[in-house]
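Below you'll find the structures, each written out as structure tokens.
In the two complexes below, chain A is the common chain; its partner is chain B in one and chain C in the other.
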Partner chain A sequence: MRPRTIGRLGVFVVTVALLGVVVVLSLMVGRQAISPGEVIRALLPGATGDNADIVRGLRLERTVIGLVAGLALGAAGALMQALTRNPLADPGLLGVNAGAAAAVVTGFAFFGVADGFAQTGLGLAGAAVASVVVYLLGSGSREAATPARLALAGTALTAVLFSYINAVAMKDQASFDEMRFWVVGSVVNRGYDRLLIALPLIVVGVLLALAMTPALNALSLGDDSAHALGLGVGRARIAVAVAITLLCGAATAVAGPIVFVGLTVPHVARRLVGADQRKVVPLSMLLAAGFLVFCDTLGRVVSGGAEIQAGIVTAVLGAPVFIALVRRRTLVAA
Partner chain B sequence: MITVPVVKAGPWSVRVRRRAVLVSVLLLVAVVAVVVVSLSAGVNSFPIPRVIAAVLGNGTPAEKLIVAELRLPRAVLAVLVGVALGVSGAIFQQITRNPLGSPDVVGFTTGASTGALVVLLVLHGGLVATSFGAVAGGAVTALLVLLLSSRHGVAPLRLVLVGIGAAAMLNSLNSLLIVRAQVYDAQSASVWLVGNVVGGDWSDVRLIGGILGIGLLACVVLWRPLTLSEFSDERSMSLGLPVGRTRVLAIAAGVLLASGAVAVAGPIQFIALTAPQVARRLTGTEGANLTASGLTGALLLLVADLAAREAFQPRQLPVGVLTGIVGGAYLAWLLGREWRKGRA
Partner chain C sequence: MNSRLTRLAGAALAVTVSLALTACGGDDSAEPAASATASGPFEYKDALGKDIKLDQTPTTVVAQSSVAAALWDAGFQVKGAYGELKPDAAGKLSYQAGSLDLSKVTVVGSTYGEFDTEKYALMNPQLLVDYTFDNKALWYVPAAQSEKILSLAPGLAVPGNYKTTDEAISTMVDLAGKLGADTKGAALTTAKTDYESALTAVGEAAKTSGLKVAIMSPGTDSLYVADPAQLPEGNTLKNAGLDVISPPNPKNEVFAQFSWEKAVDFKDADVILVDARTYDASKADLAKVPTWANLPAVKAGQVYPWYAAAPYSYQSYAKIYNELAGELKSAKKLS
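Our next item is the complex of A and B:
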């Protein structure tokens, strides 16, 4: 093997190791600290006792949900940035997550839809509609959608959707409660049943994403070159868009709207392994899963008593990255 | 070429555009008319002569209570907040030369509401302290966004994007403050965060009135150099304009106005974005028209508040919900239009 290949393999090995550390850490840390050995013992089949109850009953669920939602958001972010050739693409910022949230809140407030299955479906539909709208708005002219346009279109859409969500939330107490759940992304108390419904969609989305990475490499050369390489450009774009919608919709249905994970992580991944989407997409998944679990853990310890929702931590950590990207001269012509 | 009459008084001279003046007068008439309607209409509606009598202090006790003590401060507050937002939007759009440079898009309004929320929920301050918090929050945000977006000068588009990033972060901080607060505080704070003029009383009116006075005074002084900055920086400098200083002062005035509006009414979205744009189309001028923008802002907010109050009876929506939905849709339309013209 060439040294570069070993280096990139090394990146994956280190990432997986870090992911393991973050997961164990997230199970250890909390109001009652548990040692790593105890955590592993608690996870073994047949374990009993207080520690096992805490680890399995309380912490494992949010860690698993954080992993799955993070993985989906990381993949969606990487796909979005590759598809739109837009370094600022992020499912949260582009209003896709807001679309999912708006659909779910509508279903709850007006049609009494409260079960996880229907809510996931609504979340998916909302995400799909929002992403189409943003893309149409962002590429209103004959030219391709530029980064700035998409971000602005996303802002407009997010503003409309959150105003709408607020309006619905004023309807009654139950809707207000439900809205609070959907306005801030979090991985706490989401429930395994919701996860089980979303999981098949995420699996399909991930497989589709991985299958489309060679096509994304071809697309990065420009539509004409991709066409010359024998790629069905239109069909490839649609397949990637389907994967994005599945991943964003399902992640939002599980964890609520989470911003900046899908934006930040693919940039880190590209720094580490270069521009080859066959490596960027899977690495983004692993890094994003770790990042979201880490943010959740951080929100648990950073403020002593009460917790800070993972979605808030990702925004606080992710926004500076966004601003740093915007400041790069290449992105916005001065 | 159309000749524009000029009014001269000592060192001051103002070009008078007939259409702009006419539009401003019509807007003023419309504002007064909507105020009267909003005083008379409602669940208890009163004929207009009775409204005027009540405002002048000659009505029955019921008329005085409903018209003069409940509806009048609310309507006056809507007018003043609308003017503040419209003028502040015009200032920022003029400086950034971009309709998207409005304080509500680039995060200044969000920063002001973060400041206000900190004072309200963490320090439990009163109205005046809250407004100081709002102004401080808005100013700090503006400073940071401007610093972060300047790199060999502030490129308008970069300013807008940095502002979007800052707004996303501040929004989540706002959610954090709300999640952390006591349940009762949290609910009233999240209603406040939507933006409304419902609870407005005379102390709110006095506060925004004072801020508006300072801000408008600054605008009168800065108006002409600001309009001339429509040209490029180089050209403005060659005309002998202190570009940097004018801009800093104008930004300070704009932040003060936007933050003051947030302090009394919460972050009402999109009035600052839409009012100058509508005003520009009405007056047919290229650049900012502060008078028309302010009056348009007042008219938009009044109409929106009247609709939010009466159209969904028996419920009342906060006006911010309405401006958010309508204004966001307008923003989307604006983006589509500008892009088709290849300007943004």
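Our next item is the complex of A and C:
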């Protein structure tokens, strides 16, 4: 027992260290070659000039936004997989991201809502409505909402909503640039003001997520066993669903729809620390934050001239990792 | 039976509407004369290499809004148009619609991707005119509907891109003439003189100030910088003596896409012309991008509209170049 515990603690230590490395890389690496010394000078208070604009203005902001959005998505993914007892569950898969994006796009295209505060609200509302719709579709008959039915309902709703988003984005030339962001997520120039609006929601979501991890452990034994253990199954489900909606809605309002982070990262976390949600959820947060920042950094330098949005890089990197995990058949059940 | 009834009803409605429109149109002596007198035959080798031959010169012509506006200024009035024709909150049309008079034109689509095939069919169109940018497809004709649309009337493609605005405008004037417009009249000659004097004004302002100008389309995720060599107005302005910056390592594309980190490489621009189609929508977000906000031209407030996809007519470009000459005169050399 003892060495295993140390091993798990070690996993967290290594993850935090890696996260630090990723953050440093994100500040150091970009389209403009700036030496490490100059990067540090640019970060000092009072620094001005091109390097300060680039390092403090662009790189630091996208790093912070990547960290927060990644953390929220990682937590939401882990919660969702545990809640639905479905290893394929993902906020993207269950329509939550698409719901948030569709609501913001609707507000922007038809009612001219461009204000960050209103957009965050719309994102949350969209996420909530999409979760409810998926849940209703998934439990449409006499049977309860099984993981498979939920995943099918979510996939169908996501497909519908993304066709809608694409259609709206294509229709309005003047706002096409703004809309494109709601098709592929990105952490570039999102603005701290937007982040500040979403931050309280993410904090509440994270606290709720961490508080619910023991209940999730009980739920993983099946509803009957959980009930026998004295857990209010319905209430626990609702609390977790609220946390997922807060986290996904807020993350999507800040960074747009980012896929495969919430799906892939919890699998990696479970391989590292086992099925105990008290460890899986926080580790997923750390890993996802690092993963998103890393993907954003990679997107800056891999292509010839332009940058590639973080939302594309996460899909390119996340999908094969996920396929490899599935193919090895050692998918740790949530 | 039912569908025929619907179609009849639709046709009746269309006739009524067009009668009403004609009635509203009235007599406006400032408008170029409509060209119903032309006979034919009509022949045109278009940008897709297609030979278009019609026994009669078409009178019911439907065109993409920028093309329609260019033909309109050149003296040929289209009967229908599609493209960017959605009025803004104040009821004004985009500059891309030029001086098109919508009370005389049937609108069959008012934004990208919108084309009402039924309404188009009911007009009994004889010719459709649009740009082609890829030498394959017509710009604003939705791909999914193009087969149906092109079966109703031949589609004539004019090139989307040109070496200079002179060349672009001549192409439009030539087409308007082939469609029966009087292109030798006084109105067009005056417009051409205005256009040329506007360019001279730009050249003089450029010479006295020595300003460096960049043409950009800034988005929140990337900065797009236009290569003047790929833009008709870029070449025309350079020929007039304006110093227009080229992005490094141009790749024969109109726009080079840059990371926002690279924006600091464009600090030598004294004046920035920004894409007028998208700038207003993104202005507030751009103000928060430090490498944009700290560009000398942005700080000095020397950011002016670049009227991308404006109609290629002497009238529209005389206005655009005159406006630019005025801006260049008031702008200061920053570096």
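The working rule: the second predicted complex is superposed on the first by the 280 of 334 C-alpha atoms of A that agree within 3 Å, B and C clash if a C-alpha of one lies under 4 Å from a C-alpha of the other, contacts with A are read in each partner's own complex, and residues count from 1 in each chain.
The rule is short, and it goes like this: a residue touches a chain if its C-beta (ideal position, glycine included) is under 8 Å from a C-beta of that chain, and two chains touch if they have at least 3 such contacts.
Quick caveat: nothing in here was measured; it's all calculated off a predicted structure.
With both complexes placed on chain A, chain A has more residues touched by B than by the other of chain B and chain C.
In the superposition on chain A, A:A306 makes contact with both chain B and chain C.
Using the contact criterion defined above for the overlaid structures, shared-chain residue A:N189 touches chain C, although it does not reach chain B. In the superposition on chain A, A:G30 makes contact with chain C only, while chain B stays out of contact range.
Legend: residue contacts after superposition of the two complexes on their common chain; A:A151 is shown touching chain B, with no touch to chain C.
In the superposition on chain A, contact of A:L44 is made with neither chain B nor chain C. When both complexes are overlaid on chain A, the residue A:L93 reaches chain B alone and has no touch with chain C. Chain A residues in contact with chain B (one complex) as well as with chain C (other complex) are 170-171, 176, 180, 306, 309. Chain C contributes residues 84, 111-114, 219-222, 249, 256-262, 264, 267, 277-278, 280-282, 284-285, 288-291, 294 to its touches with chain A in the complex. By the touch criterion given at the top, residues 30-32, 50, 53-54, 56-59, 114, 170-178, 180-181, 186, 188-189, 191, 193, 300, 305-307, 309 of chain A touch chain C in their complex.
Remark: chain A residues 88, 92-93, 137, 140-141, 143, 148-149, 151-153, 155-157, 159-160, 162-164, 166-167, 170-171, 176, 180, 183-184, 259-260, 306, 308-309, 311-312, 315-316, 319-320, 322-323, 326-327, 329, 332-334 touch chain B in the complex. By the touch rule above, chain B contacts chain A in their complex via residues 100, 105, 148-149, 151-153, 155, 157-158, 160-162, 164-169, 171-173, 175-176, 179-180, 187, 190-191, 194, 269-270, 315, 317-318, 320-321, 323-325, 327-329, 331-332, 335-336, 339-340, 342, 344.
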